[in-house]
Amino acid sequence: MVGELAGNYGNILLMFGFAVVAVGPALIISRMISPRKRSNPVKFLPMECGQVPKGEGRTHFMMQYYAYILMFVVFDVMAIFLYAWGGSILMLPKSATLPLIAFLGIMFAAMAFALYQSQRRNIW
Amino acid sequence: MIEMNATPLVILGVLGVAGVILPVLDVARRERFTQMYAALALGALFISIGYVGYQFVSGVIQPGAVFSTDVLANDAFGGLFAIAMLIVAVFSVTGSISYMRNQKYPAVYYSLILLSAIGMVLVAYSTDLVMLFVAWELMSIPTYVLAGFMKRNPISNEAALKYFLFGAMSSAIIVYGISMVYGLTGTTNISEVIVGLTTLDASMIPLAILAVGLFIAGFGFKMGLVPFHMWLPDTYEGAPQPITALLAAATKKAGFAATIRIVIMGMAALHLDWALALGVIAVMTMTIGNVAAIMQKNLSRMLAYSSIGHAGYILIGLAVAPYSATGLQGSLYHVLNHAVMKGAAFIAISGVVVALAVTHLDKIKGLGRRMPITALGLTISLLALAGVPPLNGFWSKLMLFGAALDSGSVVWWGPWLAIAAVLNSALSLAYYGWIMRKMYFEGEDAKRVREPKSVIAVMIFSIIFMVGLGVYPDPVIQFVEIATPTFTIP
Amino acid sequence: MADAVFLALSVLTVGSAIAALEMRSLIYGSIALMGSLGGVAGFFFLLDAPFVALFQLAVYVGSIAVLILFTVMLVRRELIFKKIEDKRRKMAGIGLMLVFLVSVGALIMSSGIHQLESDSPPIDFREIGEDFLVYYWPALVVMALILSGAVTGALVLARREVENGSN
Amino acid sequence: MALIEFVLVSVALLGIGIYGLAVKRNAIRMLFAVEIIINAANLNLVAFSRYVDDSGGQTLALFSIAIAAAEVAVGLALVVVAYRMYKDVDIANFRSLRG
Amino acid sequence: MGTATGIIKALNSGVKHLARKRFTLRYPEQKLKFVGDGYRYDPVTGVGVAGLKGRHMLFHDHCTGCQLCSIACEGVAEAIAMVKVPETHKQNKKSIMPQIDYGKCVFCGLCVDACPFYALYMSNDYELSSFTKEGLIYTPAQLQVKPHVSQDAEIKITDRGATHG
Amino acid sequence: MTMSAQLPPGLQLEKVDERIMTLNVGPQHPGSGHMRIIVQIDGDYIVACDPDPGYVHRGEEKMAEYRNYITNIPHLERPVIHDSCNILYPYVLGAEELLGIEVPERAKYVRVIAAELNRCVYTLYWLAIYGIFLGHSTMFMWPSGDRELFIDLLEKLTGARVTHAYFIPGGVRNDMPANFEDVCLRQVRYFEKRIAEYSDIFYDNPILISRTANTGVLSRNDAIRLGTTGSVLRASGVDYDVRKKEPYDVYDSLDFETNVLKSGDSYARSKVPWLDMMESCRIIRDALSKMPKSGSVRTKLKPNPKGGDTSVYKRVESGRGALGCHIVSRKKPEPYRVKLSVGSFRNLIAMPYLLKGEKLGNMPSVYWSLNYWPVEADR
Amino acid sequence: MYVTTGEDEANEGEEVRLMSTPVPTAQPFLEKFPDATIISDDVDRPAILVPKEHIIDAATLAKEMGFDHAESVSGVDFPNDNQIEVVYHLGSYTNENLTKCVLALATRAPREDDPRPGQDSTRLPTLREVFYSVEFHEREIFEMFGVYFEGHPDNRRLLLPEDWADLPPMRKDFAIKGR
Amino acid sequence: MEFELLACGGRQIMSVIAPTFRLSYFLKSILDNVFWIIVLVTLVGIPAIQIVLFYIEMPVINGELLTPFLALTWLADPSRAIPIVKAFMYTDFFRIAVFPGFGLAALVAAGTIFVERKMLAKLQLRVGPFYCGKVEGILQLAGDGLKLISKEIIIPAKADKPIFWIAPVAFVGTAAAFVSLIPVAPGWVVADVELGVLAVFAVIGFFPIVTVLSAWSANSKFPFIGGIRALHQMISFEIPLILSLLGVVMLAGTMSLTGIAESQEFIPWIVFLPVGAIVFFICILAELERIPFDLPEAESEIVAGWLTEFSGMMYGLVQLGTYLKLYAFAALFTVMFLGGWSGPMLWPPFPEEIITDGIQLGPITATIPGLPLLDQAMLNGVLWFLLKTVAVIFFILLPRGVFPRIRIDMLLSLGWYKLIGLSFINIFIALALLYAGVLGPGGII
C-alpha cells in the first residue's frame, strides 16, 4: 500500500503546524495590546547607531567566505551519501568498504584543495 | 562483478588518480610546476591509450558492443571511442601548454580535462543507464568550468553560462528519459532494458517513443543536432580553443556513443519507426550547419557550424544502420576521423590565438607565411574535413555515403540522403577553400612569427595521421569493423 | 486522507514551481522554489521513499536553496526585482507548454500505466545502500569525481580576480 | 493514489520547466527551471520505483540529486563571475555573441 | 595540548566559582556602613575629617550667614543659594542661611571647607531622589534635620570569597 | 588575456570600492563608547577607519579659565571619574608649583595610595569592558565586583565613591580614617589573590589568546612615532613609565617595577594593565609601610591664591598613560590656560592605523585594548 | 612569548636609571635660530619660542636631538599681543638622557579679530611631517583656536559638533554664558 | 499668565514623550478586547466547534460513544473521567501539544532560561533574578514574557514585511519540528520515524534559511552581516555534525532515534566514541549560536546580529525557538551518546492495591478504573532522560560564563579543519570497532 510510512513523518509537519498555531497568536495579542505610535518616521528607520542610514542595507557583501558555502553544497552531499553506507553497513560485505575508501580518498583530495583555496582570503 | 583489470576501470583509476592529485599538487605549488602538470596529465593519458591498445592487441576485448549485466562493459565499441576521445584529450592538453602559460590554476585546468576524459570514456563503456548518466555528468560538469576558465574574458564567461544552462537542461531531460525507460521496464541495465522493451505491452509503446525522443533530445543537445544546436556556435567561439577542441571533437562523440547504445535499445522498442526521423534530422543538421558556416566571419564560429554539419554526416550512419551493414561502421570511422580532424583544426586555431590573438577571418591573411606549420596543419585538416580524396576524411565519408546508397534497396529515402550529403560536402569545400585562400593567397606583408611548440607537435602528429591513414586506411577499417556493434533486427 | 494530502501537495508543488518562475522578486522566487522542492519531498514521503525524501530536504532545501538564496542576495537589489518581459515570447512559451502538456498527458493517459497499482512493502533504505556499494560502485566513485571536480572548478571560478596579484 | 497521478504531476513539472527555459532569460531563473525538470524526473523515478518495487529508481534519484548539487555549485559560480563582469544576471543583456 | 589544558583550566575555574559566595550588596535591604558621620572640616588645622560626602547638615546655631559657602560653590555648581529664614539667631543678623539644590550639587564638599564656623557638615544620607525638581531643593529647615540611617553592611572577607555581610 | 581587444566597452572587472560598506559603529552601539568609529568594511575586513570623538565634549579646559585654582578641582576630575585622583594629580602638582606651596610628607604618601587605588578602580572597569567586548560576560562581572573593594576603600578615604575631589593644592582634603591601613591591607591582599584567578579564566584562556594575539600589532617604532603612551607603549616594548622616569611625590622611594611586553598586539596591550594592577597593590602595601604614621596632610591655603607669570607642564602616569597638564598663569586667581594632555587622546591616533586591514571581529578588542576612554579624550 | 618583565629587562631598567643624566637642551636652539627666545632654561622643562618661519627647522633640530614624539600641543590665545601661541611639548622615549625632559617648543601665529578658520591669516606650518604624533592635536588646535595648519592632510572637525558655527571656542573672546 | 501658558505647553510636550498612564483607558482596552473575544467566540468559535465535533470521530470509552454532553457529565465523576484522560493521553494531539512534544520542550526551555540566569549569576558572583516571585526570582520569566508581549513591535520601514513577520514564527515552528523527533521514553515520541537521524539533518537545514531570510528582509546593515555570519556558521558546522553521528549509526545499525536509544541499553556509545561525542557537542554549541560561538549576535561588533531589528514579541519568539532548539539538541545528544532513557529503575512502583481496592476517601471507597495513567518503566525512563538532558544542558550553558567569543575565521577553520578531521577519525574508530569484531553482529560485546 502506497503511503504507509508517510504518517510518521507527517507528525513532524503537524508539530510544525502546532507550534505555528500556538505561538502565532502571541504576535497577534502583542499587536493588539501593545501601544502603537505612528508619529515619528525616524522610529522606523533601520538601526544605524543613531545616525541616519546611509546606503543600502542589503549589499553585495561578505565574499571572503563564499568559498565555504560552495564547499558546503558539495560536502553536505558527501556527508549524507555516507549515511547510505553507514546505515546499511551491517548488511554489506566487507569488500563494499573499498569503493567507499576510494570515494573518501577522492573527496579528501578535493577537500584539501578547497580548504587551501578558501583559506586564502585575499582572493575572495 | 566486473574484473578489476577491465579497461574502463583501469582508465578510471589512472586518469582519476592523476586528476585528483593535480589540484593537491597545486596546493604544494612551486612556480616551475606549470609544465609538470601538463606532463603528468599527458603521461596519464598515454598510459590509458596504451592500456586500451594493449587490451586490443592481446585480444581480451570482446568485439562489437557488449551489453553485460554490470554497469560497465569491456568491449571494442567502447575501446574505439576511448581511443578517439583520449587522442583528443591529448591534443587538448598539448595545445593548452602554450595557451595556459600565463593563466592561473593550470593544475585545476588539466585535472578537469582528465576528469572530463574519464567521463567521456565511461559513457562509451557504460551498459547501465545510471552509470551512463553519471558518466555523462562527469563529462559535462568539468567542461562547464573549462569553458569559462578564462574569467577575464567576458566571451568565455558568457559561452560557459550558455553552455551550462543548455547542458544542465540536456542532462535533466536525459534523466527524465531514463525515468520513463525505468518505469516501463523496471530496470536500468541496458541489456535488461532491451529485454524488457521487446516484451513491452502494446499500450506502453507511446511512452517508449516519448522516452527515446527525450533521449534523442538530451543527447542531441550535446551532439548539436539541429533543433538543439543554438548554444553551440556561441560556446565554441567563446570557450578557450583547446577546450573547444575537446568539446567539438570529444564530448560530441560521447553523445554519439550514448546515442548508439540507446538507439539499439530504442530499435528494439520501436520497430524501426525512428530511422526516417533520424534521417530527416541528419539532413537538416548538415544543411543548416554548412549553410550557416558560409556566413561566418570568425574562424572558431565557422568551424563550430562545420562541426554541426559533421554531426549530420555521422547521423546518416545511424539512420541507415538497420538497412546497411556499413552504416554504423561508417559512423564509427567518421567519429574517429572527425575527432582527429576537428581536434587538429581547433588546436591550430588555438595556436593562432596564442601567437596572434586573432580569430577573425580577415585577420588571418597570410597565415601561410606567418605560421607555416600551423597553417599547413589547418589546411590539411580542413581538406580532410571536406573529404578530399587522399586524406582519411574521404574514406569515412565514402563509407557513409555508400551505406546510404546501399540502403536504397530497402528504403526509398536512402539515396536522397547520400545526395544531400554529397552536396553538403561540396558546399563545405567552398568555405574551407575560402579560409585557405585567405591564408595563402592574401596578405603579402607578413613575416614569420614564433609558433608554439606544443601546437607544432599536435600538427605534425595529425598531419601524419590524416595523410597516412588516408593513403593506407586498411588497419583502421579493420579496427572499426571489430568495434562496430552488430545490429540484429528483432 | 491520503488523496487530500496528495492533492494539496500537487497544488503546492506545481503552484510554487510556477511561482518560482513568475514571481517578481528573485528572493520570493527562491522561496517558491524551496516550496516546490519541499512538495516533491512530500511526494517522496507519500511514495514510501523517506531516504530520498530526507536527502532531498537536506541537500536540495538545506544546501542548494541556501546557495541559491545567498547568490541572489549578492546580486544588486534592483536586479532582484527586475524582470525581463517579452510578451510574445511568453505567449509562445505558454502555448508550447500547453501543447506539450496536452500531448504528453494524452499519451500517458492513453498508455497502460494508469492501471498500475502496488501493494508491495516499501523499500528499505538498506537496499539502497547495498545498491550503491555492490552494484553501482563505479558510479559511486565517478560521483566522487564529479563532486571533486565541481568543487575545485567552482572555487576556481568564483574566486575574485586580483589585479596583478600573484595567483 | 495511482501511479498515473504522480506521473501527471511530474509531466506538469516538466512542462513548467521547459516553459521556463524557453521563456526566461534570467540566468538564475533558468537555473530554477532546470532544477524543476530534475525534480520532475526524480519524482518519476521514485514513483516508478515504488510501483515496480525496485530500489534502482531511488538510487538514481539520489545520484541525480547529488549531481544537481554539483551542477548548481558550478552554475552559480558561473553566475557570480558573470555578475561581476556584467553587473547583470540576464543573459539577454550580455554582449551578443552572434555574428 | 596547551589548548585543551587551557580550556579545562578555564572550565574548572568556572565550576569552582559556583561554590563561591555571592558578592552582591542587596541594596534596599542592606546598606553600606560608612566611616564616621560624614565629611566635616576643621578650620583650625585646615584638614578635613574623613566621612561620606552625603547630604549636608546645617547647624542653625552656628551659621552666621557669611555666604562663604555660597561663594565657594559659585565656581563649582552654583547649588547654594542664601535664603531668608524666619527664625533669628544672634550670630546671624541677616537671617540668611544656605539652601541647597541637590539637582545641581556635585558633593565636592568645598562649601564645608569654606565654612569657618563649624556650621556646615555633610552627613551619611545619600538617598535624595525625588519625583520633582522642587523636591531636590533643601531649605535650611530641612538641612537642619539629622538623617536617620541604618547602615551596617560591610565587606567581609572569608576563605570562600568576599561578601557583603 | 590575449582577447582583450575584443572587450566591448563598459565591461570591467569588479572594483574593490563596489564591495565596500560603510558602517557606523557608535554612538549608540554596544561596542563603542561615547564615540563613533566610521569603519569601511570590505567583506570581513576593515579597509578604512575614522574615529569620530566629540560626543561628550564639555569644554573643561575653557571652564577652567573661569574658575580659581581650588574650585577647578571638582570640575577637572569629571572627564575620568573612574580615575579622578590621577587626572587631578598633574593639575595639583602644577598648581602647587605655581602657587609655591610645600606639601607635607604624609600627604604625599596618602596621595600615592589614593592614586594607586584609583588606578585599580579604573583598570578594573576597563578590564570589565574589555571582557564584555570579547563576549566574556564573567570577565565583565568579576572586575566589576572586585572594583567594589577599591571603591569602598576610596569611599572610606575620601568620602565619595567616584568623584572624590580629594587632591588639593597643598596636600589632600582629609586624613586617613582610623584603621584604614588594616582594612586596606586586608582588601589588597584579598585582591591580589583574586586577580590571580583572572588568568585561569581570561588571560590564559586559549580562545582569548588565539583571538587577540597577533591582532592589531603596533611595532616598537610605530609606538614611538605615533607618540602613544601608557600600556599601549609598554606593550610594544618601550620601557617608559613616568613614575619611574620622572618620579613625582614619593614614587622614587617606593619599590615597584614597570611591566613591559614585547609583542605589541592586542593581547599584550590587555595584559599590561592587569600586570600594572599587581604592581599597584605592591605600591600600596609599600607606601602603607613607609608612610609617616602621623603628621599634617594639608598645607593651609590663603583664600583665592594667585599664581605667578609663568607656565608649568607636569606629568603623572595615569591608568591610560602619561597625563600632562600645561597651566599658563598670568597673576590671577584663575589660571590663564589649562591644557590636559591625556593618554586617551594621544592613543586615539593609533586607532585608524591599527584597525586598517583588521577583521571586523577584531575591531572591539583592538579598539578597547588601546586603553581609550572616550570621555577623557573629549574633555 | 607572553612573559612579564624578565630579570634581564629589570637589570636594564636599573642601568637606565643610573645612566639618565640631564643635559641642557635649550642652548642649541639659540645658536641655530638667533631670533628664538628662550623662555625657560630649566633642565627638565626647557621652553623656547621660535618664530613660525623656523618652526619646522626647529622641530627637525629637536628631533635630531632625540625628541621623538609630541606629548601635547596646546594653544594659548593672547589677544593683547594679537597672537596665538601654539606650544608643542616634545618628549623622548628613546634617548636615555632626555627621559625626564619635556621641551616646550612654542611658536606664534597672527590672530585676527574676526576669525574665519581656514581662510584667514591665522595659519602655521604643520609639524606632522616631523612628528607624526601631532596629527590629532593639530586638528584639535584648528577647531579650538582657528589656527590652520598648512600641509596638514586632515584639517577637519574633531571634537566640536559638525554644525558649530560660532567662534573657535578656546579663544579668549569666546565667553561662556553668565561669566 | 504667559508663564502658565508655557507650563501648559511644556506639559503637553512632556505628555507626548512620556504618556501618562490612565487606569481607565487601560481597563477600557481590556474590556474592549474581552467584548470582542466573547463576540467572536459565540459567533465563530462555538459553531466551529460544533462543526468540528460533527466530523471528528469521537472515542468510544467504556462502551459508550463520547459526546460532548457525556464528557460534561463525566467531569463530575473522577472514576469516569480518568479513562477520558487516558484516552486523550494516547492521542496524537496530546503527544504533539503536551507531553513529548511542545509542552515538555517549552517547560524545559523555560527551566533552562531560569537555570541559565541563576547559574551564570552564581558563576559571576552575583545574584541574578531575585525579587520577582519571592523565591529567587522564579517568576522573572513570566514577567519578561509579559513585558515582551506588551511591547510595541517596530518594523523597519523598508523591510520586506511578509518575510519579516513569518520568520520568528517559522523559527519556532522549525525548532518544534526538531523537538518532535526526540524520543523521551519507549514509545513516547511524536514522530517515530525510521530515519530519525536523517530527519534531524533535514530539519536543522531549515534554520539557516530562516535566519538568512529574516536578516535579509530587515534591510539593515547589522542584521545582514549577522545573518550572513549565522549562515556561514550554521552550514560550516552542519557537516561535522552530520559526520560525527555517523559512527553511532554504523554501530547501532539503525537510523531510528528510538532504535539508537534502545541499542545502548547497557553501554552508551560515548564510551566507544568519545571523539564523536566531543565533536557533536562542539557542533551543538555552534549551531545554537552560544558562546563561544555566538558571533551572529556579537553585540560589541554588530549590535545584536540578525536579531537587531526584531522587537517585542518577535524577539521573544526567536528566543523561545532558540531555547526549544537547545532542548532538542541536548536531548539528541542524550539519545545518541548517553543512552536516552536507559538507566536503573529508580521510580517507585505504583501501589497495586490502589488499582485493585480503590482509594479510601473518608467513609467511601472509590475504585478508579484506568489507573495508573502512566506505567513505571515509562516514568523511570522519562526521569533518566530528563536527568541526562539537564546535565547536557548544564554543559551547554557553562561555556557562556567561561569563554570569550571567537572570531569568524577562527570559527570556520575550527569547523572545517579540526572538527571534520576529528569526525572522520571517529568514523574510522567505529569502522575499526566493527571490523575488529568488538561490536556489531557477532561482536564481543
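Just so it is clear, A, B, C, D, E, F, G and H label the chains in written order, and each chain counts residues from 1 on its own.
Everything below uses one rule, namely that a contact is a pair of C-beta atoms (placed from the backbone, for glycine too) under 8 Å apart; a residue touches a chain by one contact, two chains touch by 3 or more.
Predicted, not measured: the structure shown is a model, and the values here were computed from it.
J.: Taking contacts as defined above, which has more of them, C-H or F-G?
T.: More contacting C-beta pairs are found at F-G.
J.: Mind having a look at which chain is the central one, using mean CA positions?
T.: A
J.: Just the number, please: Cα centre separation of chain A and chain B in whole Å.
T.: Distance between chain centres, rounded to whole Å: 41 Å.
J.: Distance from the CA centroid of chain G to that of chain H, rounded to the nearest Å?
T.: Computed from C-alpha means, the inter-chain centre distance equals 63 Å.
J.: CA centre of chain B versus CA centre of chain D: separation in Å?
T.: Inter-chain centre distance comes to 25 Å.
J.: Where does chain H touch two or more other chains at once, residue-wise?
T.: In chain H, residues 123-126, 193-195, 198-199, 201, 216, 221-222, 225, 228, 231, 235, 238, 255, 303, 401-403, 408-409 touch at least two other chains, as defined above.
J.: Which residue numbers or ranges of chain E touch two or more of the other chains?
T.: 7, 10, 13-14, 23-24
J.: Report the residues of chain F in contact with chain G in the complex, numbered from low to high.
T.: 53-54, 57, 59, 61-63, 66, 209, 213, 224-229, 233, 238-240, 244-246, 257-261, 263, 267-268, 271, 275, 310-313, 315, 322, 324, 326, 328, 336-337, 339, 341, 345-346, 348-349, 378-379
J.: Quick one: which bits of chain A touch chain F in the complex? Just the residue numbers, please.
T.: 48-51, 54-55, 59-65, 121, 124
J.: Quick one: which bits of chain H touch chain E in the complex? Just the residue numbers, please.
T.: Interface residues on chain H, with respect to chain E: 119, 121-127, 130, 398-399, 401-403.
J.: Can you name the residues of chain H that touch chain A in the complex?
T.: 16, 19, 29, 33, 92, 95-97, 101-102, 148-159, 165, 168-170, 172-177, 179-181, 190-195, 197-199, 201, 203, 216, 218-225, 228-229, 231-232, 235-236, 238-239, 242-243, 246-247, 249-250, 253-255, 303, 308-309, 312-314, 316-317, 320, 408-409, 412-413, 416-417, 420, 424, 427, 431, 434-435, 440-441
J.: For chain F, which residues are in contact with chain E within the complex?
T.: Residues of chain F touching chain E: 66-68, 70-75, 138, 145-146, 148-149, 152, 155-160, 163, 165, 173-177, 180, 186-187, 190, 194, 197, 200-201, 204-207, 209, 296-301.
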